[in-house]
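Below you'll find the structures, each written out as structure tokens.
In the two assemblies presented below, subunit A is common to both, partnered first by subunit B and then by subunit C.
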Partner chain A sequence: MSKLLVNEKEIVVPGETLATGMDNLPGNGTYRDGENIIASRLGLVQLEGRAIKLIPLAGRYIPKTGDTIICKVIDVSINGWRLDTNSPYSAMMSLKDATFDFIARGADLTQYYDLGDYAVGKIINVTSQKLVDVTMKGPGLRKLKGGRVVEVASNKVPRIIGKAGSMVSMIKDATGCNITVGQNGLVWIEGTPENEFLAIQTIRKIENESHLSGLTDKIKAYLEKAKKK
Partner chain B sequence: MYSELRNHIIKLFESNVRLDGRKLTEYRKPVTVEYGVTNTAEGSARVKIGNTEVIAGVKIEINKPFPDTPAEGGLVVGAELLPLSNPDFELGPPGIEAIELARTVDRGIRESKCVDFKKLCIEEGEKAWFLIIDIVTINDAGNLSDASSLAALAALKDARFPKLEGEKLNYKEKTDKRLDIKNSPIAVTVIKIGEKFIVDPDTDEEKAIDARLMVSSIEDGTLCAMQKGGNYPLTAEDIIKMVDIGIEKGKELRKAL
Partner chain C sequence: MAYKERLNKRGFEETRPIEAKVGIIKRADGSAYFRIGNTIAYAAVYGPRNLFPRFLQDPQRGILRCNYNMMPFSGSGERVRPGGSRRSKEISLVTGKALLPVLNLEEYPNTVVDVFIELPQTEAGSRCAGICAASMALADAGLIMKDLVAAVSVGRVDDKLVVDLDYSEESYEGIVADIPIAMIPNSNKITLLQMDGMIPKEDVKKVLEMAKKACKKIYEVQKSALKDKYKVEQDV
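And now, the complex of A and B:
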């Protein structure tokens, strides 16, 4: 006899039983223990057909295949680069994934990516042991030159991007800045000093008020007010 | 390693703006000093500059004076950079940054002569009061040096002597006797990045510094200590400008005491 024990959008804590029986499937942030589906994180319940998912309220970014992230080079080795992904797991970018350029044998790899460089990459694979592979080949993937990187809570990233990128394009239009939001909670911003600062303040505001409804209108009004000054 | 960041900062400086929107020689707000934050120390203070937070405590002990100064008390400053305050800090014996921090704070207090160590002597060559200042970083969001020196001074001002019962000290009871602090040495670290000078760097700016000069001064603008750091040299004109900024900003910072 299967039974769902929680409602949509209910806050659950780790260890809480969400459902019994085999009719439901464990999604993100949950796991199956015998007959039960149990929460492994603090978050809001989201029901998607038979699957039970959790939207975490807080926590570090965990690499996921297909995510576009902003990463920092932390090591240059003979067969590629090791990247910090702003998560507990570092990523590896191999030579073949790094650039379309021809890399001669024994070339100095720091001319492509040096320590401390930031880049937009895409996660191509995450193993069960959380070994992460990142590629630079794809649309929009590149080394970041100039600008600066700010950190936001990774679970607020969907709010900063907005529905189909509406929020971030609104900030881009209002400030004239180039903005790239990585799924891992790093945001790269480049523009004139004042606009750059305004973009960061706007992002911080979104982060702080992400739980409120009508956020897009609020941010729109905020940006308009700030532009008038 | 941080050349991109440095170039970006220099680009911003051309229009006199910093990463967080401040002017070049502007401290983060608010700068707050809170006295008496621990019971176990004879004097303590918590200083916050923006998100940077430092606690300093003073213990007052009786020790044998150092052989070279038999008629004077002593001052020992220690700094601990806790790993919880910055992910780059490691546990273990104090590293070069912690030692530099402790020594610059020590130098500021010692050379400003704000405490008369001769008065701390109880019995020449045998007994004297020793001031032990411990600095603990709670959060490092940049500019630990200015926060630490301000906290150390505030803790000294807060300190009260423990009760002396015969030979023994009773730390449970504090007397009303305070240290005689004659002046207040304030350290201001002036940073050079590119051709510009700034004060109160945040974590990102600290990564991109060319040179830094810690300038300690007292109320009337008298210099009492300096410390140069960073990989680039400074010209004589640079130093004169930095000292001027340091003294001026020191006056502003002193108001927080």
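And now, the complex of A and C:
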């Protein structure tokens, strides 16, 4: 006899039994123990057909293949650059993934990416030992010049981007800033100082109220009010 | 003289008042507060994060570092000498071992998870309070865990079996046994079992059953504290 013990969008803690019986399937953030499906992290329940998934509410960013992230150059070695990814693991960007330019043997690599530079990169591979490879070859991937980088919780990133990028483009339109949101929870903002400040304030507001419904309208009103001042 | 009644008319199977909160240390990845009677524990979790020096890294799993610390003013009035001691080192070790069975650190190779447990006020049962706080803080940090861990001390004071000994009972004149126990409440597995004093074999079995019940109650408190953190946000 199978039975679902939780509702959609309910908050569950590790060890909580989500369902009994074999009719449901354990998804992300859950595991099966005999007949039961049990939560393995703090999260919101999401039901997808027969699968039970958990949307994490907390936690560090863990690199995933295909993610577009904002990273910082922390070391320049002979065959590429080591990048900080705002996660427990640093990433490697090899020479051939860094630029379309021809790099002569023995060239000074700091003229392409120097220590402390920020860049938008894409993760092309993550091994079982969490060795991360990042590429700069792709649409929208580039070195970041000027602007500033702020950190947000990585599990709030989908809310900051919004449905099909609606939220971030709204902030862009209202503030006139260039904004790039990395999946790893780093956000790059460039504009006039006042506008940058407003954009950061807005992002912080989204981060704090990310669990509320009707957030887009609220943020819209907030931005309009802030611009009138 | 037999031990007839506990302080504050507490039942023999009753714990001291428990209070739990989650997310109180904003800069930490996860944090929790746990109070049982006059014993207060704060736990902060940082990580998984990069581990240096590199030779400490384990390519198969992340490692867990626990640090248990009693604050200088935390005792009964005598100043507790700050810094590590033989006792705090032992408790840090057993705390780590009590928490490790629920953690899935294979997910985070080459990293470290740091747990800091600070006790601003203690009156017996501090390692149990520390474990309870730490397990909530680990869940709050979003780590992948099989379950939470609940801990309580049980034992025997004179001729009575009791749950959650306070200091007056620990120092009772006569036969006393103090057994701190940590449990995974859903599977009834024991992750910490120590003992101070003497107790007959058959009493141990009885007292373990009592611990099981008390741990279930503590687990409910931990669970609702974790859920409350997000509930408060939803109401706003």
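By definition in this document, the second predicted complex is superposed on the first by the 207 of 229 C-alpha atoms of A that agree within 3 Å, B and C clash if a C-alpha of one lies under 4 Å from a C-alpha of the other, contacts with A are read in each partner's own complex, and residues count from 1 in each chain.
Here is the rule we go by: a contact is a pair of C-beta atoms (placed from the backbone, for glycine too) under 8 Å apart; a residue touches a chain by one contact, two chains touch by 3 or more.
Everything quoted here is computed from the prediction, not taken from an experiment.
After overlaying the two complexes on the shared chain, residue contacts for A:197 are found with subunit B alone; subunit C is out of touch.
With both structures placed on the common chain, the touch criterion links A:147 to subunit B but leaves subunit C unconnected.
Once chain A of one complex is fitted onto chain A of the other, the partner contacts of A:42 are limited to subunit C, with no touch recorded for subunit B.
Judged by the touch definition given at the top, the superposed model places A:16 against subunit C, while subunit B stays out of reach.
In the superposition on chain A, A:88 makes contact with subunit C only, not with subunit B.
Once the two complexes are laid over each other on the shared chain, residue contacts for A:115 go to subunit B alone; subunit C is not touched. One of subunit B and subunit C touches more residues of subunit A, and that partner is C.
Shared interface residues of subunit A, touching subunit B in one complex and subunit C in the other, do not exist. Within the complex formed with subunit A, the residues of subunit C that make contact are 29-30, 47-50, 59, 102, 104, 107-111, 139-148, 184-186, 222-223, 226-227, 230-231, 233-234, 236. Within the complex formed with subunit C, the residues of subunit A that make contact are 11, 13-17, 29, 31, 38, 40-42, 56-60, 62, 88-90, 128-130, 155, 209, 211-212. Those residues of subunit A whose C-beta lies close enough to touch subunit B in the complex are 114-118, 144-148, 192-194, 196-197, 201. Subunit B contributes residues 1-5, 7-8, 11-12, 15, 17, 19-21, 204 to its touches with subunit A in the complex.
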